[in-house]
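Chain lettering (A, B, C and D) follows the sequence in which the chains are written, and residue indices restart at 1 in each chain.
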Amino acid sequence: MNKSRLEAFSDGVFAIIITIMVLELKVPEGTSWAVLKPLLPVFGSYILSFIFVAIYWVNHHHLVHTLRRVNSRVMWANMHLLFWLSLIPFVTGWMGVNNFDKVTVAVYGCVPILSGIAFTILSNEICRTYKEQTPLTRAIAKSNVKAIWSTVLYAAAIPTALYIHPGVSAVLFVSVSVMWIIPSKDIEKALDHE
Amino acid sequence: MNKSRLEAFSDGVFAIIITIMVLELKVPEGTSWAVLKPLLPVFGSYILSFIFVAIYWVNHHHLVHTLRRVNSRVMWANMHLLFWLSLIPFVTGWMGVNNFDKVTVAVYGCVPILSGIAFTILSNEICRTYKEQTPLTRAIAKSNVKAIWSTVLYAAAIPTALYIHPGVSAVLFVSVSVMWIIPSKDIEKALDHE
Amino acid sequence: MNKSRLEAFSDGVFAIIITIMVLELKVPEGTSWAVLKPLLPVFGSYILSFIFVAIYWVNHHHLVHTLRRVNSRVMWANMHLLFWLSLIPFVTGWMGVNNFDKVTVAVYGCVPILSGIAFTILSNEICRTYKEQTPLTRAIAKSNVKAIWSTVLYAAAIPTALYIHPGVSAVLFVSVSVMWIIPSKDIEKALDHE
Amino acid sequence: MNKSRLEAFSDGVFAIIITIMVLELKVPEGTSWAVLKPLLPVFGSYILSFIFVAIYWVNHHHLVHTLRRVNSRVMWANMHLLFWLSLIPFVTGWMGVNNFDKVTVAVYGCVPILSGIAFTILSNEICRTYKEQTPLTRAIAKSNVKAIWSTVLYAAAIPTALYIHPGVSAVLFVSVSVMWIIPSKDIEKALDHE
């Protein structure tokens, strides 16, 4: 019961992160179709980050759903995760405005790695509060393998952007997103039977 | 019960979308009554979008009220809807600043169409979770006809803005809004008896 | 029970209105104490509006607490109130930046009048949903007299700003605020016994 | 039960304060690693304030958890606290952009003092509503000693910034933060047994 504020506060931060990113889509001067063209990379970068934050929200929802009791360690692990996610609008804007330049893509790639580590820490802290295993906790534990693979792919995207081509990194980012949008059958079943 | 976070997150996004639009109403230089005049189209565009987002919030409220169980498909259909709605502040600002120029009105008209499609997808996903029909679910199904008509009118507003006159499109936008502000008697009755 | 989303959405809008006003307090250039001085009227205008929105939140809290059932009329009356309140950051910024110039004070004074009317409409719609009178509903009905007096004082502040002195209007604004910060004994008692 | 809106509104304000601070991290021009360097003090100042607001959120969560009944005095004491916290983005931006200049550090130090006083007032108002002491209320009362020490250290940081070195003040700010991130064993135990 006492986790409702942790959820409400996190939902507020998620909602604001996902919405203020759109402020980087600045109203262009002029009214021809042509003035929209330079906004395309900014829009692409917005879509990528919107999906990224959405994936985190969905997983945060599943994970915190299993939490039985809030303690200070969980609160701080959650704050740590929200801190890294709060940097998304900045790196998204920088990458979009500069048309996916290699340095900006490499910096962008750092945020998912740090968020991934923070999510794992939060996940471990929440696991410590379990008194028993449920199908949902087992399904989440299983999805941690997917999380490790995602982090490896994001880590690979950084040298790829710098030394090969930022476009390849963008493909890696999109692949990870697709991997997460396809719902896990285990988690679906566990949610259904709860 | 587990839909409370879906509602809270959506409410947060709705609240931010509706409020950051007002940031486009930039504080003018000077203090005469005259400096307020150029803000009038921006203000008109703000009112139009405020009502548009408000209509979506009211319908989202009715629809999600009938949802019994959250699954990943519903979560992603909801995210998809919020994505299109999040573009409202951008198109509102562009249209307002450029005094309802025809290209900006046409671009503005795309968002309601895409939001309408997203709402229909969400509605279908939620219908799949029903185990039984209630008066409210029947009333919502009935209001889908109204939704299809709205989308047709919005679609008609795009060529109208480009080839006839953007003012006619604005009239279409206002007509759709009026159609939704008048509450549906079926939904009212269904809410009363629940 | 089904009013929780109306509250959550309104709380989100109130929270954003009260917080984005501070964005008008722009980080000044330079680091001497002197650069803070031109910010003083902006800060004064921020304090005034913070208290104004806070008063509305407190009264909205009491009023909606008495609501038993949400219907579309209540939803739209609430949206109407939030619309006028959403203009507060704009009029606050304009008045603050221009050092309480008479035209800006007069425009500022319009928002409380329109918000006051919207609050009365919402209050009437909520009264229609009552099935019985409670001490709280009676206390709120009593406080409507206070609301009418406030609106009269705000209305008086507009010609006062234009033809006498904007400072006198500011005193009127502060007086109304003080009148509302002092808690109503009837409402306190009613809340205690509920 | 009727405190849920107080929590929801406060969570909204906390979430917005913590997130809009990141808007001060403006997207730099250029794409070399070098353009990120001038952002480092802004980033440092962001981290400091993020932790500061997070500490307040955690303590607000514990404190309001003990509240049994909302009255107008509690509402206004809470608004007073949120007012001072709402100034954090402004002082954070000013300090970060000016590379921790002594005047900006001194002004920054004022906000924690005023927030500390506001938190104490809120804490006293909430204590008045207690009908009995619980382990949690005792643990919170104990942590007030920590709060007084924090305020003394923040007060000391102001002359330190002006007459010794702003770096020493920054060390004081960090020390206070560390003191609060380490969870209080009393509060943890009290939360566990509730």
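Basically, contacts are C-beta pairs under 8 Å (C-beta built on N, C-alpha and C of every residue); 3 or more make two chains touch, one makes a residue touch a chain.
These numbers come from a predicted model, not from an experiment.
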Equivalent interface positions on subunit B and subunit C, same or different at half: different
Turning angle required so that subunit A lies on subunit B, C-alpha fit (0 to 180°, nearest 5): 90
Interchain centroid distance [CA atoms averaged], subunit B/subunit C, Å: 26
Whole-Å gap between the CA centroids of subunit A and subunit C: 37
Residues of subunit B touching at least two other chains: 8, 12, 15-16, 20, 23
Of all residues in subunit D, those that touch subunit C in their complex: 2, 4-6, 8-9, 12-13, 15-17, 20, 23-24, 69-73, 75-76, 79, 82-83, 86-87, 89-90, 93-94, 97-98, 101-104, 107
Contact footprint of subunit D on subunit C as seen in their complex: 7-8, 11-12, 14-16, 18-20, 22-23, 25, 27-28, 31-33, 36, 47, 50, 54, 57-58, 61, 65, 181, 183-184, 187-188, 191-192, 194
